[in-house]
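Shared between the two complexes below is chain A, which has chain B as its partner in the first and chain C in the second.
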Partner chain A sequence: MNALVLDERTPHSVPSVARIYWLETRNEFLRMLRTPMFALPSLLFPLVFYVMFGVLLNRGSGGMGSYMLATYGVFGVMGASMFGFGVTVAMERSQGLLRLKRALPVPAGAYVFAKTGMAMMFVLMISLSLIALALLLAKVTLTPAQAAMLVVINLLGTLPFAALGLYVGTLCGANGAPAVLNMIMLPMAFLSGLWLPLSMLPAWLQKIAPVWPSYHLSQLALKVVGGDAGQAVGLHVAALLLVTAVFAVLARSRLAAAA
Partner chain B sequence: MKKIQEIGVLACLAAALGGIAWWSGRADTVEATGNSFAVKDVRVFDGESFIERATVVVRDGRIEAVGADARIPTGARVVDGKGKTLMPALIDAHTHNWGDAQRDALRFGVGSELEMMGAAQSLPGYRRHREAMRRTDEADVWSSGAAVTVPGGHGTEYGFPVPELKPGEDADAFVRARIIEGSDFIKLMIDDLHAYGGTQRMPTLPRSQIEASIAAARRQQRMSVAHVAAQDDALHAVNAGVDGLVHAFVDQPASDGMIAAMKANDTFMVPTLSVIAGFGRSDISARLAEDPQLQARLTAAQKASLRAQFPPAFPTQPKALDNAIESVRRLHAAGVDILAGTDAGNPGTAHGVSLHGELALLVRAGLTPSQALRAATSRPAARFGLKDRGRIAPGLRADLLLVEGDPSKDIQATRRIVTVWKNGYAQSADAPAAGQAASIQDADRLVSDFDGGDLSTRFGSGWQAASDSFMGGKSGAETRWTAGGAGKSKGAMRIEGDVAAGPAPWAGAMFSPGSGPMQPVNLGARQAITLKVRGTPGDYAIVMLHGEGQVAAVPIQVTGDWKAVRVSLAQFAGADLARVSAIGISNSRIGHFQVDLDDVAIE
Partner chain C sequence: MNMMQVPEVSPAARLAGVKKRYGQVQALAGLDLQVACGEVVALLGANGAGKSTAIGLMLGLIAPDAGEVALFGAAPGSMAVRRRTGVMLQSAALPETSTVGELLEAVRACYPAPLTAEACQAWAGLQGLSKRRYGKLSGGQQRRVQFALAICGDPDLLFLDEPTTGLDIEARQQLWQAIRDLRARGAGVVLTTHYLEEAEALADRVVVIDGGRVVAEGSVDAIRAKVAEQRIRCRTPVDAALAAQWAGVLQAMREGDHLVLRVEDAVRVLPLLLGTDPALSDLEVGRAGLADAFLAITRETTQETQP
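Moving on to the complex of A and B:
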């Protein structure tokens, strides 16, 4: 009897895999949205910088408004992805939360999936706000197709930086992670031409710009608004996939070792 | 994963990204900036000869590659050159620059101008401009600065003070002063007007000072060039070692002795056929102003300047153009270097556009289109040491001119301008619109009947005595009211003065119809100037100042008896009636004169 009852209840008490993924993602997003230390800089920095450099300091150059729409979008992607992964993973590791999650009957992939979804939600918010600012304040002309392409590129661009952030999170402690991430992110953004057009940097820095993953993502975004350096799409995509794969593999092996 | 493996994977990633950066650099891509582009499948005139089909690549304002197989970098903006011809931006080897000169020049594809006398204070600005690679809408200028001339000589008559080489003064010190001011070369003024066949004379450099100045320039490593009008003066300058003559002489075609001397000394000539056409009062320049191919880029001021003629008092030499063209034909056939120059800044010329007219005149004088284009590109660059221009070759500045058609077959194709690039930046095409001058009131017809006992006018800003003195001449005139006008009216205006010999002598009186002196008004709706006149018998002229200060004149006969004169405004050939700043009467005969005017009206 008892066994029968148990058998009847089992299918109902175990939620569907999709629901687990959804709940994990939703809760991760809400948790991060309610963490001002993460949410405010991630959401506001790209927007404030765009208003400063793309609108206020931009003396009548229409091209600058659309260039910076693309590059500050990528900057937003880097912040949300790297910090969203790196800092939280580092904290959860040092607090033992990661070990607790392992012990729970949750599919292993849901943890990474939720964080990726959270980061993409932030990226979506940043992208849409930037597009609104560009249209309203910088008087950038953008077709709906261009706007949609920018959003898609930014969303997919989350993956390589999420992988990089995740790897840093497995390396550093909770206190060290934000510092290390900043040390990586800020110079890389600058050297990729995200803050100022690459043409304003010294020639040798322009030459080595393609070593940075953010350069490749920004070139894809710039292709949409017509300000890229004219390299093949495949080259940029290959570089980004390589970065994603390498850091994902490294992070996975570190997480496995940590468990 | 072991630590060592992890480091290995990271190292591989770094190597891969480095490889991508290396490959990107090698893959020859350009930032899509404003001064990088390529023109493909275009006919190229490279400054020397034509290449039927080639690609020209420009990166960061400089030409990177030229040739049938030049590779276009990925991402470069590409201009389709099919059916078009790409050539170096032109060089005008004789100009005088002020106002919009450099802008007008560049709009017509003239990227560099060689100024043959100008204000010394402009020299540092010229230098800075031509050394920069930034975006600009102005041509570059090399200049002689102040010329070597004597008190009262050519170059002193334009109303601004110029240094003068006085008798017995040291030419070496004079030339050194020019070089310190920043002169790029030394220009000598050798002209006493005897080439024009009249009796009028003007002071000029004595031969000893000519020789000393040329020698001084050579010692101080500067080129010397000479303004000449007469063949005997030209021959002397050539034998004294001058590097170039910057006019063809107008009194006779080049003699065999002249040809031999120029060949022996490797002297070049800038014949300036464009300005010489005006000495015989030809309409060659006025026709340029009508050319439909040029209209879009011409300003009203340029058209007015093209239509302007030398003032009636300026010596006329009807055979000037024929003589000059024949000289060019002979000198060119003998292998003497001919350079294209216009003397833009003078009546009958306009910056930029006149060089296209000069090319056609050079072809008329026996140069092939290709030789004429050389004379306006690689030859002046080589002669004047302009190292980074005048040719389409790797490393040179991307000052380029793209035209429709094939100028090797029809030199007038240079007028069908598609795009002009300066420092690699494409220029906008259209001429800036000129300001519209106000019209005068419909009722304002009678200017003065002089019946009120003074020289007052019904509108405008009054009568003024005027003469060549404001341009440095020695003539003068006075105006006053006099009793007893035409047809027993109460009074008239008397103009009395003296005309003294000079390059362009005249004296008379002018009326400004605008609300302020020399404020232009639109007389487009009016028909004629009418007046009554008597005075010292002879030829006078009703003159009009129009456009940007150009002069148009219609000759009239004056006798000792009152006579009604009607001058139709249509008689002022080429005048910009939409912008008239003054009308008046002028006398150019040397000596004392007196002329009375009454009942002056603009109908």
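Moving on to the complex of A and C:
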């Protein structure tokens, strides 16, 4: 039997980097989709909250519907990115998978790329569902260009929160990570005006809102539907790039030290 | 070195004078080790002896403080080297909601000339489990998936860190056969194990590590001869202090009514014992366990270094 087995080799070739990245990303997405503890809250919380606050408690006012379309989209980005990175990285670091990946001939970037791709797939699903709900239930009017712009902003907005989640994942144990991520994400979402418009918060909270990365991403999304505070696009983009770079560098050094 | 010798092909793995310290702990204190292609080398050693550190260095996961580590004559951890090696770590929790087939496909994609998925599954004994999720498998099946991932790249050098822990006898022998097949086609295998019978069944060479260096090295038979100490246990009132003075007795202890002797050769000691107490009962004679064997070798080296 083994003589037969021995000859079953596929032809010799240099492994395709694109194929490795694709398979890693596909596997990461499928396995997270099959993990209810991640998939259900990530996909459903933004949609359920939007229906509750943007549709049911807000009869007829299109302004509120489009404001919350933007902000709950950002909320969805935060959940999928921070939890998609933070919890799994904490687990894989402590349970040896990261070590195994380093020993296997997997390109160094594939690990983070796969998780980013996975988070973006979830963000895409959340964004499209939110837009559908907004159009059908909240009677929001959007041009195709506006809808596309919201999706693009959310997809790119994955990056700073992925970097933040990655960093938390390198700091926390597998058991502590979800709690820490919630303690960062929920207050940050509230203080950035994702649940209630900023104008309904006390003045001093409004003043410190620009500290939070989620504020800047929501301002970009709100610009699309005409509900932002009127600051320059460049400011928001710069703030988000800075957050991405800082946490990516911090996480990188933590991961290198963890070897 | 002998200049007349034909230059040898660089070995699959070579460690020379490797030192590694973790804080106060000297994990490796000048380790020398060579693994050739087509050879199974078993690393034996107690927990903390330095086996895992040695494996980590060969995989390029950690860097040595001093000394040289080379795989196929190149630096460990480089992509070219990793494409020629397969790895099964002692503990690596694979994603529970991935299927066996998905995991295998992704790892196979990383190697230049992988075995077919069917061949990997047949070799590891995973037929029909391709669509099963990893988390739904038994512990033994999960271990076999990890083995399949280790061999799927058709590696020239295979690292197996306690591969058969948690496997039943049939699965263990199936794995042993797969390891022999890989060796037959020219792969070098580095194996760590706690089971002496595993080393006996597979290893061309056994390397015993203790205190971060090699304390014994040779064929299984040579190592066995080194540690062929035996254990006699019986119910007798004979004084342990008296028995300790007999030739060939390494240690004598009392366990309640029983006398326990560690001896070099039971056949030589038993006449003395029976001569002293013809009425002894409950006599057991056994081979020393692997733990005793380590102790024997370790004690020897300690005596050598501290006369």
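Criterion: the second predicted complex is superposed on the first by the 244 of 259 C-alpha atoms of A that agree within 3 Å, B and C clash if a C-alpha of one lies under 4 Å from a C-alpha of the other, contacts with A are read in each partner's own complex, and residues count from 1 in each chain.
Simple rule for what comes next: a residue touches a chain if its C-beta (ideal position, glycine included) is under 8 Å from a C-beta of that chain, and two chains touch if they have at least 3 such contacts.
Being a predicted model, the structure only gives us computed values, none of them experimental.
Peer 1: May I ask you to decide whether A:L250 touches chain B, chain C, both, or neither, giving the answer as first, second, both or neither?
Peer 2: So A:L250 only meets chain B here.
Peer 1: Quick one: classify A:P15 as touching chain B (first), chain C (second), both or neither.
Peer 2: Only chain C; A:P15 stays clear of chain B.
Peer 1: On the A-aligned overlay, A:M91 touches which partner chain: chain B = first, chain C = second, or both, or neither?
Peer 2: Only chain C; A:M91 stays clear of chain B.
Peer 1: Which of the two partners, first being chain B and second being chain C, lies in contact with A:L198: first, second, both, or neither?
Peer 2: first
Peer 1: Now for A:Q231: first (chain B), second (chain C), both, or neither, which partner does it touch?
Peer 2: The answer is first: A:Q231 touches chain B but not chain C.
Peer 1: Who does A:R31 touch here: chain B (first), chain C (second), both, or neither?
Peer 2: Only chain C; A:R31 stays clear of chain B.
Peer 1: Identify which of chain B and chain C touches the larger number of residues of chain A.
Peer 2: Touching more of chain A: C.
Peer 1: Please give the residue numbers of chain C that touch chain A in the complex, ascending.
Peer 2: Chain C residues touching chain A: 59-62, 77, 79, 82-83, 85, 87, 89-98, 102-103, 105-107, 109-116, 118-119, 122-123, 133, 149, 153-154, 159, 177, 181, 185.
Peer 1: For the complex, which residues does chain A have touching chain C?
Peer 2: Of all residues in chain A, those touching chain C are 1-2, 5-6, 8-16, 19-20, 23-24, 26-27, 30-32, 34-35, 91-92, 95-97, 99-100, 102-107, 259.
Peer 1: Considering the complex alone, what residue numbers of chain A touch chain B?
Peer 2: For this pair, the touching residues of chain A are 198-199, 206-213, 216, 226-232, 235, 238-239, 242-243, 246, 249-250, 253-254, 257.
Peer 1: Provide the residue numbers of chain B that touch chain A in the complex, in ascending order.
Peer 2: 1, 6, 9-10, 12-14, 16-18, 20-21, 23-25, 27, 29-33, 73-76
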